[in-house]
Amino acid sequence: MGKMEPGERNSISDVAGVTVGHVTINKGGVQTGVTAILPHQGNIFQDKLVAATHILNGFGKTVGTIQINELGTIETPIILTNTLSVGTATEGLIDYMIEQNSEIGATTGTVNPVVGECNDMKLNDIRGRHIQTKHVKEAIQQASADFDEGAVGAGRGMVCYSLKGGIGSASRKIPLHHGLYTLGVLTLTNFGQLEDLTINNRLLGRELTEKMNTVPNEKDQGSVIVILATDLPVSERQLKRIIQRSVIGLAKTGAQIANGSGDIMIGFSTATKIPHQPNGRLLTIPTIHEEEIDLAFRAASEATEEAVLSSLISVSHDEAYKKQSSEVMTLLQCLTKFDVRLS
Amino acid sequence: MGKMEPGERNSISDVAGVTVGHVTINKGGVQTGVTAILPHQGNIFQDKLVAATHILNGFGKTVGTIQINELGTIETPIILTNTLSVGTATEGLIDYMIEQNSEIGATTGTVNPVVGECNDMKLNDIRGRHIQTKHVKEAIQQASADFDEGAVGAGRGMVCYSLKGGIGSASRKIPLHHGLYTLGVLTLTNFGQLEDLTINNRLLGRELTEKMNTVPNEKDQGSVIVILATDLPVSERQLKRIIQRSVIGLAKTGAQIANGSGDIMIGFSTATKIPHQPNGRLLTIPTIHEEEIDLAFRAASEATEEAVLSSLISVSHDEAYKKQSSEVMTLLQCLTKFDVRLS
Amino acid sequence: MGKMEPGERNSISDVAGVTVGHVTINKGGVQTGVTAILPHQGNIFQDKLVAATHILNGFGKTVGTIQINELGTIETPIILTNTLSVGTATEGLIDYMIEQNSEIGATTGTVNPVVGECNDMKLNDIRGRHIQTKHVKEAIQQASADFDEGAVGAGRGMVCYSLKGGIGSASRKIPLHHGLYTLGVLTLTNFGQLEDLTINNRLLGRELTEKMNTVPNEKDQGSVIVILATDLPVSERQLKRIIQRSVIGLAKTGAQIANGSGDIMIGFSTATKIPHQPNGRLLTIPTIHEEEIDLAFRAASEATEEAVLSSLISVSHDEAYKKQSSEVMTLLQCLTKFDVRLS
Amino acid sequence: MGKMEPGERNSISDVAGVTVGHVTINKGGVQTGVTAILPHQGNIFQDKLVAATHILNGFGKTVGTIQINELGTIETPIILTNTLSVGTATEGLIDYMIEQNSEIGATTGTVNPVVGECNDMKLNDIRGRHIQTKHVKEAIQQASADFDEGAVGAGRGMVCYSLKGGIGSASRKIPLHHGLYTLGVLTLTNFGQLEDLTINNRLLGRELTEKMNTVPNEKDQGSVIVILATDLPVSERQLKRIIQRSVIGLAKTGAQIANGSGDIMIGFSTATKIPHQPNGRLLTIPTIHEEEIDLAFRAASEATEEAVLSSLISVSHDEAYKKQSSEVMTLLQCLTKFDVRLS
């Protein structure tokens, strides 16, 4: 998919130091969870990273973007969960941060928790509020460079293109004169109507809907969260430009950015650590020249496109799902049922 | 103060339908609370109001601005509390909303909670996380057009200009050809250094610091939340322009908009209710002509200036405080101690 | 192309009152021009329209967006030309406006000219500055509901996907409960690399480049201007949301939103006229309910996609071009040369 | 004025390398001009500077902000003139830039001209369009570290607080651990009503209007342009934060940011030159730590406040004006006439 080469795992964790952890809740009508993305393996409150956000469509409840935009840095892991648990997850993330950093709220001000969400009410008893604050810490502790995709963590109850969505990830290598860099994307997918689904420029969704007797499309009320990591040395302004290009990847899968879709991008660069406290010297921020940015743009687009499709096709996703009955098919179930081959 | 006439109560509740409630926690080192602002007395999820936000300085953790910006409406009460309780308050507000609206998360999507905050760690054990989700509902139930100002609710532990800050409110009447309108402001004040305090163009802060042996000024790490209500018929774009003018009022009190200050404005207009569901007809939004907006600009500036000073001078504030020892004086205590008269 | 029905002309002029005029300069190495879009046929300074802009990528020199954003209205025709003539075109537009409105700069303040541009230096002697102020007035006077597309007006020297670009237009009908509305798009296309060109989900560009001995792709330094008109009753906020969806249409043609591409959207709604002066009464702005906006989103995407392709395929474009030698082929020339059929 | 120490000249040219030049047109009813600010003395197209803009109130026609925002750099001198000459000045600036840089529009893309404006129609025949393209080049050639303030250049016909406004400048020193830096501001003042004029917290405007038989206040339709220069090493994000603080300085002089006022801030840092072309290596951008920014905030506020007042009080201003009759008094004329002393 696309023209650029993926990283070793074809995952956001190809960016050195980035890990992902899930807590998945799978109990009958309760199908939800928490996903944690750790931008690096040190103390991120003490060593912040350059970060940026982009609101593609603001029908969403993501927490923490105001301060990222103002200061250009991120200082906590990123937590993903369902929409009505965003408060609980924020609380859980604050629990974790003040436990890790005794000076928060004592000698050094507070902390800016970052929590994204999608609405999993089609498959999950979202009103039941089954996420607890402890799940945040557990997801963080589970974090690993190897992590499952599909119907896991925050992706457990998500629906994408009327099929089973969830967590997907992909990466691209960025070869520049001064080094070989990596850009990775993790998506939480919960948007789209089957009819629009496009894979590698094939209108697969239209093919599938034509074979169905009933049209599964309802109003598109979903959302997508795009987390982008890179080791490319960039300013927060450059990073914002890069994450904005994920819309190209979304569009290539058929996304319409519908009214009800909270489409939020959050990006960070691991290239430079910004210390919490000044040390009396100037910071020195290495950045690429603007004329070198086009490959990163394309990498963001391609990795986003592939991450969305990975969320639909993931094996772990499918295995998790085939054990239970569900009104929502996975893509592979759908292809099998209607005897359509992907390639 | 200023040239325009205040409303009857000189309070945000001069805007018909707006009420304010507090839960105050006053137990030794625990000095914090919750304040709820109800934009109208009906079901605000069903009958939303035109709303806008402005990030004057984004070193803050306010929740809910993304969706207000995208959709131009507010659909919950506004909750204020301390910074590390923003997750808990969000959770509490979601509790309240889904209790009031059985269709949320069942038949109609989710809800966008709006929660603002300032950091009260100088006077409050903020790490102790003493706010509970139930306090949100209690504050909402306490809401009244008559409400206390000063060291109450979310303002309990706030420090402003090195003095006791907290909740303040003021209002202004806006006479236009087609009607007499009201604009009210409520501020949660937690910013500034004494030396900068200015009242009615008098550099009172400088006078006071010159009389002190020790200079009380530390680094300015505070914040201010400005809630603006009006019955003026305005679009969300016009409302955003109006709330931006509150910076003039802040500046006249001596504000420097310091790096560490999360300065956030949230405004709503009660003039038009936007139904949650479409009814098959076009909406009709009455708005003022742009050339009529200057009086609203000045009203926003004057009401903000007076609301900040009201948060410093409030009697209820002082009464609440004189019962306990504190390192932070109220303005009246300070004036008395150094024998300075306000006018 | 797409699922929605086009308007009668499949053009921006399907929105009643919208007309387009060109001045084309075709003299050897001078290949440039001016295109004027008139939002309605009355005096637009006296009767402004709701308007919005979106900066998809700000490597561009478009004039006039600041005031559109602040006031939510447009008060002049929109002029398009080459990048280094943006000053001259602005001057020409001011000439026209003060000639039409004797009170501008005399009794009523000034006027906000709106001028977009792309860089036509590959085919045009852009340093020669061949646009004159009078061309603006001529383009306005030429304006008609029937207008040429392709290598005309501002599109004369544009290059898109390494082929001949220029002016393209398309429209879509929007059937809602309360009426049948129209949304039209005009694009000035000057971006992209051939390899990325995609038509109806077919990677035509890749097919073509594989047949070529030399790869025509250079660095993507182009731009695209998207002008969107509609008679849908919308607020400026809603309109901004709608024009943002044109990125979906661009992406479907293969756009990468490269660093050097100034990608600017400007939209207006003809549904309501906003008078220059207040009349002592409230304005009444009819708008759709937000839940009705998805069709307009899709219309913006589809019309943009088709407008870009129309700029590549236009017959008038091809006829204008076949009379001269040029290093840049039109799409039809390219298809013929490499014996590829479009469908 | 304020607490911080001014630079040697108390002028924007205290920032090493910054110069300012004027062309003033003073012929009866034609009272207008051009002011050029040169950010450094080299070739700014080849060696760009970090830059940022802030739209405080967008009722204005400033050209060039879109690209500054996207790329974070400035690549031309800044030109100021009257509103209806913004096209001509843009054209003149392009003339100058392509003359200085033979590759523009030939081998390297185009150039982003930056032109600000205020409406001088009260004192100038603005409809007459008396600015010519050549005036831009002349103003650039006149540029010097020593330059006049008051009724000169673009400031010639401006009116501020119902008195004679125009060009004003001031500066402040910023002592940090790693060095002593300078921040300078130049304002083009054309806003405000006399009644609001405040000098050093004294409501001078009210005093003056009380002594007048006729009230000179009309509708506030003016504007202010704030140009901020510094040698402080900052990112474009930090610079944007700094220039936003100029609103505090404006407010302290009595500004209301009225509807009709185009209030635009443009800032640049001379600390780092960004080369036009990449050289195969990473850029290294030195920046202050965010916790060191508060002094720069205060410097921006104080220098803006003093620059506005300097535009009112300038001696050169007064000398230029006393030779002609005018309906608009200078501040010094007004103080003399009503026998009021400044201190």
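Order as written gives the chain letters A, B, C and D; numbering starts at 1 within each chain.
To be clear about the criterion, contacts are C-beta pairs under 8 Å (C-beta built on N, C-alpha and C of every residue); 3 or more make two chains touch, one makes a residue touch a chain.
Since the model is a prediction, treat every value here as computed from it, not as a measurement.
Q: With centres defined by CA atoms only, which chain is the most remote from subunit A?
A: D
Q: Which chain pair shares more contacting C-beta pairs: B-C, or A-B?
A: A-B
Q: Calculate how many whole Å lie between the centre of subunit B and the centre of subunit D, each centre taken as the average of the chain's C-alpha atoms.
A: 34
Q: Averaged over CA atoms, how far is the centre of subunit A from the centre of subunit B? Could you give it in whole Å?
A: 34
Q: Just curious, how far off is subunit C from subunit B if you go by their C-alpha centres, in Å?
A: That pair's centroid distance is 44 Å.
Q: Can you pull out the residues of subunit C that are in contact with at least two other chains?
A: Those would be 57, 70-71, 241, 290-291.
Q: Under the stated contact criterion, what part of subunit C meets subunit A in this complex?
A: 57, 198, 201-203, 219-220, 241, 244-245, 247-248, 251-252, 255-259, 290-291, 293-294, 297-298, 301
Q: Spell out the part of subunit A that touches subunit D in their complex, as residue ranges.
A: 70-72, 177-178, 233, 235-237, 241, 274-275, 277-292
Q: Tell me, which parts of subunit A touch subunit B in their complex?
A: 55, 57-67, 69-71, 83-84, 86-94, 98, 104-106, 109-113, 119, 121, 126-127, 129, 221, 260, 262, 264
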